[in-house]
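First up is the structure itself, then whatever we jot down about it.
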Amino acid sequence: MSELFGPIFGTSSVDAVTSDGALLSAMCDIEAALADGCARAGLIADAEPVVAACNRARLLNITDLGLAAGTSGNPVIPLVAAIRTDAGDAGRDVHLGATSQDVLDTALMLVAQRAVRLVSEDLAAIDHRLTELARTHRATPMLARTLLQPAVATTFGALAATWGSGVARALAKLDELSFPVQLGGAAGTLAPLHPHGPAVRAVMAERLGLTDPGTVWHTDRTVIADLAGALGLSAIAIGKVATDIVLLSQAELGEVREARPGGSSAMAHKQNPIAAVTARAGAAQAPGLVATLLENATPELQRGAGSWHAEWPALLGLLRAVGGAAAQLRVSLTGLHVDPAAMARNLAQRRDAIDATDLGHATDVVDHFLDRR
Amino acid sequence: MSELFGPIFGTSSVDAVTSDGALLSAMCDIEAALADGCARAGLIADAEPVVAACNRARLLNITDLGLAAGTSGNPVIPLVAAIRTDAGDAGRDVHLGATSQDVLDTALMLVAQRAVRLVSEDLAAIDHRLTELARTHRATPMLARTLLQPAVATTFGALAATWGSGVARALAKLDELSFPVQLGGAAGTLAPLHPHGPAVRAVMAERLGLTDPGTVWHTDRTVIADLAGALGLSAIAIGKVATDIVLLSQAELGEVREARPGGSSAMAHKQNPIAAVTARAGAAQAPGLVATLLENATPELQRGAGSWHAEWPALLGLLRAVGGAAAQLRVSLTGLHVDPAAMARNLAQRRDAIDATDLGHATDVVDHFLDRR
Amino acid sequence: MSELFGPIFGTSSVDAVTSDGALLSAMCDIEAALADGCARAGLIADAEPVVAACNRARLLNITDLGLAAGTSGNPVIPLVAAIRTDAGDAGRDVHLGATSQDVLDTALMLVAQRAVRLVSEDLAAIDHRLTELARTHRATPMLARTLLQPAVATTFGALAATWGSGVARALAKLDELSFPVQLGGAAGTLAPLHPHGPAVRAVMAERLGLTDPGTVWHTDRTVIADLAGALGLSAIAIGKVATDIVLLSQAELGEVREARPGGSSAMAHKQNPIAAVTARAGAAQAPGLVATLLENATPELQRGAGSWHAEWPALLGLLRAVGGAAAQLRVSLTGLHVDPAAMARNLAQRRDAIDATDLGHATDVVDHFLDRR
Amino acid sequence: MSELFGPIFGTSSVDAVTSDGALLSAMCDIEAALADGCARAGLIADAEPVVAACNRARLLNITDLGLAAGTSGNPVIPLVAAIRTDAGDAGRDVHLGATSQDVLDTALMLVAQRAVRLVSEDLAAIDHRLTELARTHRATPMLARTLLQPAVATTFGALAATWGSGVARALAKLDELSFPVQLGGAAGTLAPLHPHGPAVRAVMAERLGLTDPGTVWHTDRTVIADLAGALGLSAIAIGKVATDIVLLSQAELGEVREARPGGSSAMAHKQNPIAAVTARAGAAQAPGLVATLLENATPELQRGAGSWHAEWPALLGLLRAVGGAAAQLRVSLTGLHVDPAAMARNLAQRRDAIDATDLGHATDVVDHFLDRR
């Protein structure tokens, strides 16, 4: 959301799908989908005037909408008012049976789905690159370091394979996520739509490309916690690779080097592994934000008095942080220069204690990793 | 681990499986399983002397072992030394090809598996009780409250069903967890066992009742993060129910009451919903501990210089906190007194604004929940 | 930073002082102050051309600057390049002896100082209002509730006094904060300015209205942790009051009511204590963000490889969250309607167990609080 | 509290002052001090029988007390019952006017005060050692590394001085802490002691060696947050030094070496900087625990329904984690071997880009640091 820092943290693409404008569009889409569902269930005569008003509402001035939201406590209230006014006689067909949380939860799911897709794309590219590195450097000897001390010999391919395991698990977790539509009405019982609520929800899910959860989850925030957990997993898979790149880039080791290192405002000779550095910085936001989401996941009775609102900045922040970190790690790995000679040299320094004559064990790790691809 | 506070937080049962003694036993089992695997792979002639020494090592003095661990940095080093000494000539067959992290990671998995089983049992009992409450109070009218303000009418069964959704998802997450054996040797390549490492690991997994991950995960801590995430989900499912019990127990609402409320050292008349209160306190430890585990899940190169060690207290603490919270919520729900008359009275107070004549929408929520059981 | 959500969370005013534009201005001021300091120390002939270029740089396009920052890893590098180009021959006098972290740390201190001033103003107004409430309701009897159960009798004034204690301590902590200028050069030794570094830093501090720390704190992030801790304290002082307002606003208690409660998109009768609710939501961001700042406060050697960058969004987010929460609590308390009759009624309900005949103890608490004002 | 892990994390000494036994003793001391205060205020005739019973209560069986605490929700209730029984006729003079939270809060303050004293002693020793290192290596040239890349030349003394700044600030923060007695009675108004409450509290404070806060802080948890913040500051000051020791100990750098490095269960040649590693692990517990304490610092009305209880394990855990980390860093620094030749060698490697001919700037940093001692 910051134009000054966004590109540094690689959040540019994920910023677009999590912006104020994206949220407004999502809310408009949701109100339109709701009207469509109501029409199909025979609850309203014609969805078209509502859908048309929703489409026009995408162009509402966000500053004004935000100011109006300030007095009501959420942006859905003034948005619905604006759509109703615009829809004229069809105004009574707007937002039928829904409550603000329905619209905001569903909008966050739409936004999250798009952001997670971007993260997944970056992780898939990272996964591909790690597979390539593992294959190329299957037998490239290097020093393994435990507690940052020389341990035994391994290969760079084996290290890349370990990185790949974490990334693969993170990808799998993201893949398992479902992004359910929310529709429960004022207190989660779909009251005004009864008995058509489930049918309306099904239409909405289909139209919006979300999952129909078959139930309401207003106050069951395990949905959010599950999403937060998967993003946390991505953050650590990313952070692990980025940390190792930073460490192996140390001049005294010199085993890898980013293709386009960053400079310094003070030192002309600096070669900073800046993409890995900023990937770490993004990933480092995740634990605190995950904690915030967990802390706010036990809402009071039928809607949390603050905990619901607390989710918005934390979830959007988490999507951006992890999205940016994935983008930056992808940059770091693209064209990452691996230096087998430096690896050999560092390993040879410890030849007194460390035997590197047979690395079949390490190449086996790589082969096993590649077999599972 | 505290005898003074443990029973308050309900951690008594989970304390037993996460105690120092349980960890020592687990480590002994693991060394025995390793020897067995090595023997079956033909790497050592006879596992029996090692297994026998491992069995005797369960009785080692924990205080002494801890002091020795203090100088080496982990308890495996002195434990292995003790087993080796005890095993005499077979001492060279002890801990073959393994490193300390293999033993500690696997021990934590054994301990976690047992603790998670206890949590699951409690959650299953809670789930059963919530189903019962949903069925009994399917049509018991009550006021729904959003942002803690009167909203619309619902039924207590519908609230119990919402609680049940979260608990069911938490249970499902715990069920999906796998508890993998760790065997990677000094730097994750199973070097000294090559090419028998995978076979030895398979034997260990079978003998210990753990999963064979088919790979090493020394530095891929997504395994730990996944476990932490599932425990976090349990914590919020528990915390949600406990929070609502505390709120509905307020004297001014009086809609539920624990069967055995706690007293006060100062006020004879106090009726505190103490089991729900302490369940909340346990669940409240989770977000911070999950954050700690995520923060320490990006170890440097082949073994984290501090982050690995940081997992031990945080993971054990998380297992105890969630285990205790589950036990306390189970106590709270057992015999929870529900007062339909109070619910009706509170609802009637709002009859000017809130219509409760037809609650078919709410009973539908319950029916749908019960159908999915 | 979000126009859609900012007004809801009350961050409008603090957004202005923490915006991209505010950061750019601050960085320009810092480069100008540095040039001034260098000129006074005789290190450069004339600061004016640099100062003039710095003033013009405030109008640089932030989007472009951000994109350029994306490739270098921080916004100071392209900003300095732009100022140098603009300054022509005086370009060599720009950013003399400084490094990017000098400029960014100092800019964050300037921004933090302004944001903290806003928080302090709101807390002072809150403090004033609480004093007023304590005085007015010195002897207004109400039920004290512990673990949310009826306990004994107290007065609303005594509760307001307790709220006031926390707010006063938070204010005092903010007051004790110092906002030091950062000037250390490439690695914290003020190398290129030697031996004039301390003198230059003193000029900068004076010109910018910051503290001269008399040393460099590039890698001693206790400065940031101290700020984070004080903001955390503010968050809990705010969150405590907001929580109690939400609880006492429950319809079944009805003891307080916000002057301008928020509505609902679904229920016309809703009277939500929305300012207190959103104050809670803001305060709830703090613990996670404080944890993120602490986690990133142990930078590697002479500059953290990611932890430094990680501070930026977390610190700005914390300032906004706490700033917004303070603003919303102030709104909540302004015109808060206190209902002594409801308090008396709720107290009378427990007259069997709770004696309220003599409340001298509670009025003493208030008197003592007022004496300390 | 774990005998197996305690010595690894250096928590042995702090374990003693935070143990179940220490808490029981503290609670007995508090009840005795209360009786003494009541006697001096003329509220009871004779404190001696109560004091004697309190002294005997130190020997109560902790397991039994814990089990009894389990049904009442806190250990004070059964402890008071036991003291009353033991005191016979004087039983009515036990716990006069106090509530459980008075005793537990005050006990935690006593325990915290002792634990903080241990931390301060270790930090003072660390501070002394860093001063010594700064002096000895005032002019020992070494490479400064920013983002873990070679930057410019500095001296090891300058690095030690930076470490010292953080440690000094942490020490100062610990020094500023006050540990107030808690005495408020059932709901914070000192009701049954009125008007003698403040006088009784003053006696208790004096007798226990705590501060008399002049007010009650049952629900103003800024006291706890302040303590948590100071401990967090200590954790980062410790973690910073430990991190740098780990990094400079890397074999490829070899610039420092612990006097008694730890071994490995798998590799005979390993030389792990294990004291620094475990100091990092302890410090790494702090951010999550601080977050937990902040999250639970906004209790509901006159006593938090779970948040109060949640403080106990988190605060005790934080004291132990930071206490252990301080102890381990002290071990790490004691006899830390500094290798000027290795520093010179690494610096010379970059002589193409980095000038180390004049290090007056770095020695100035040291001199300035030493001047402030």
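A, B, C and D label the chains in the order they appear, each numbered from 1.
Here is the rule we use: a residue touches a chain if its C-beta (ideal position, glycine included) is under 8 Å from a C-beta of that chain, and two chains touch if they have at least 3 such contacts.
Predicted, not measured: the structure shown is a model, and the values here were computed from it.
Enquirer: Select the chain at the greatest separation from chain C, using centres from the mean of Cα atoms.
Expert: Following the centroid criterion, the farthest chain would be B.
Enquirer: Of the pairs B-D and B-C, which shows more C-beta pairs in contact?
Expert: More contacting C-beta pairs are found at B-D.
Enquirer: Where the centres are mean C-alpha positions, what is the separation of chain B from chain D, in Å?
Expert: Inter-chain centre distance comes to 28 Å.
Enquirer: Round to the nearest whole Å and give the separation of the Cα centres of chain B and chain C.
Expert: The answer is 37 Å.
Enquirer: Among all residues of chain A, which ones touch two or more of the remaining chains?
Expert: Each of 99, 145-148, 151-152, 185-186, 242, 246-247, 264, 267, 272-274, 277, 280, 284, 287-288, 290-292, 295, 305 in chain A touches at least two other chains.
Enquirer: Mind listing the chain D positions that touch chain B in their complex?
Expert: Touching chain B from chain D are residues 1-10, 12, 20, 23-24, 62-63, 65-67, 69-77, 80, 95, 98-100, 103, 185-186, 242, 246, 260, 262-267, 272-274, 276-282, 284-285, 287-292, 295-296, 305-310, 312-314, 316-317, 321.
Enquirer: Quick one: which bits of chain C touch chain D in the complex? Just the residue numbers, please.
Expert: 99, 144-148, 151-152, 154, 158-159, 162, 165-166, 169-170, 173, 185-191, 193-195, 197-198, 214-223, 225-226, 229-230, 232-233, 235-237, 239-240, 242-244, 247-248, 280, 283, 286-288, 290-292, 294-295, 297-305, 358-362, 364-365, 368-369, 372
Enquirer: In the complex formed with chain C, which residues of chain B make contact?
Expert: Result: residues 145-152, 246-247, 249-253, 264, 267-274, 277, 287-288, 291, 295, 346, 349-350, 353-354 of chain B touch chain C.
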